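Below are two complexes that have subunit A in common, paired first with subunit B and then with subunit C.
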Partner chain A sequence: MGLEVDIIFKIAGVGIVVAFLHTVLDQVGKKEYAQWVTLFGFIYILFQVASIVDDLFQKIKSVFLFQ
Partner chain B sequence: MVKLIGAIFIILATTWTGFEAAKHLSERPRQLRQLRSALQSLEAEIMYGHTPLHEAARRLAAQLSNPLSSFFEGFAKKLTDTETTVKDAWEDSLKDVWKQTAFKQGEFEIMKQFGETLGRHDRISQQKHIMLTLSHLEREEADAVDKQAKYEKMVKSLGFFSGLLLIILLI
Partner chain C sequence: MTFSRKLNQSFCFNRKGGSTIEIIKIVGVALIATFLALIIKEQKPNFAFLLVVFVGCVIFLFLVDKIFEIIHMLEKLAVNAKVNMVYVETILKIIGIAYIAEFAAQITKDAGQGALASKIELAGKIIILAMAIPILTVLIETIIKLIPS
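Entry: the complex of A and B
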């Protein structure tokens, strides 16, 4: 349980910081960099979430398929 | 505990980098203003004071603050002590002091071109050359002020937030 709460906080932190970076870069007119920062933040979080979901599927498999 | 100390180090380092970059941005218009007033006093020395160049440079060095002061001081020293032309002395002292200033390549070219005209004409054309250099520098200063207003805040917050992001990713 501890691990999962940790990962949620991490995702939230990355989200907040990336949102701030996006606003700051947007304000000075560096729109293209802002887009890239958001995109990379999104991809990073996507990888994290994908690995967790993979864990979940493995668990389901081991419970229901009796391997 | 060690993690916390590392995190503090990272955030201090990136914030400091941001502030240093911001300082560079705010230093450039200030030094350009100083340089313009220096050239204006040089013009006054030449036009109304009839001062020899090394004497005028020494007075300017006394009036100004670093790094421009050391530039004019080096220039005056080279003129009196060594056997060179004004152009070479100007360029050499410009190169010596360049690393300490916040100027960019554009200003370097302007100053170099000005050094080529220095001391080669009568007073009236010398004044015209000073005016030309002043107007060039004014343009650069407007550009520098523009850049400062645009990027100073961004660089500061960018440093802080990139440190924060790095910490979150590493924890």
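Entry: the complex of A and C
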């Protein structure tokens, strides 16, 4: 379970950092950069969540005798 | 990283602690995730949503070994009772479909799409009914045989 707890903190940290960067870039006046930062953070997290959802579905398939 | 490792150590007192330690671990992870989601939700709601999905997957992956043991026991019981394995397999598949549909419906409802959640539930019910058709057919044929013509 240790790895997963690390990833939970990683997701939360990326969220906080992205929110901070978004605010700062907005204040400076670079609105398009702020949008890009949000988008890349979201894609990074989405990739990790998608990989674990895939893992979950594989486990369900093997446990509940699909195939 | 050090903080999370310390937290992890404090939640895993010893590896062979039995089920009491495991429930404490799961509750700890869920509470931490809830606080983090509350913090992020003010700034970025979509990140909080992904965090919740992730924690749901983690908790199920933690439980999956125990579910496997339970199902193994059920299978052994069915083999000993000489039940046809097709029926047991169908029932296990139905449980799996019900779990996946429930998971997706809860997450969709959490994200605010109640209509989509009820569609997922409808799809789960219909697929389960379609999988149960062979069992239902056998049941109805048996009942008809019992009735003297």
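The rule we apply is simple: the second predicted complex is superposed on the first by the 65 of 67 C-alpha atoms of A that agree within 3 Å, B and C clash if a C-alpha of one lies under 4 Å from a C-alpha of the other, contacts with A are read in each partner's own complex, and residues count from 1 in each chain.
Just so we're on the same page, a contact is a pair of C-beta atoms (placed from the backbone, for glycine too) under 8 Å apart; a residue touches a chain by one contact, two chains touch by 3 or more.
Predicted model only: the values in this text are computed from it and were never measured.
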For the overlay on subunit A, clash or fit between subunit B and subunit C? fit
Using the touch criterion from the header, give the chain among subunit B and subunit C with more contacted residues in subunit A. C
Just subunit B (first), just subunit C (second), both, or neither: which does A:Q27 touch? first
Between subunit B (first) and subunit C (second), which does A:I43 come into contact with in this model arrangement: first, second, both, or neither? neither
Which partner does A:E4 reach: the first (subunit B), the second (subunit C), both, or neither? second
Is A:V14 in contact with subunit B, with subunit C, with both, or with neither (first, second, both, neither)? both
Of the two partner chains, subunit B (first) and subunit C (second), which one does A:L56 touch, if any: first, second, both, or neither? second
Minimum Cα separation, subunit C to subunit B, after superposition on A (Å): 8
Please identify the positions on subunit A that touch both subunit B and subunit C, taking each partner from its own complex. 14, 18
What does subunit B use to touch subunit A in their complex? 150-151, 153-154, 157-158, 161-162, 164-165, 168-169, 171
With touch defined as at the start, can you tell me which subunit A residues reach subunit B in the complex? 10, 13-14, 17-18, 20-21, 24-25, 27-30, 44
Help me check something: in the complex, which residues belonging to subunit A touch subunit C? 1-2, 4-9, 11-12, 14-16, 18-19, 22, 38, 41-42, 45-46, 48-49, 52-53, 55-57, 59-61, 63-66
Of all residues in subunit C, those that touch subunit A in their complex: 1, 3-5, 7-8, 12, 25, 29, 32-33, 36-37, 39-40, 43-44, 46-48, 50-51, 53-55, 57-58, 60-62, 64, 67-68, 71, 89, 92-93, 95-96, 99-100
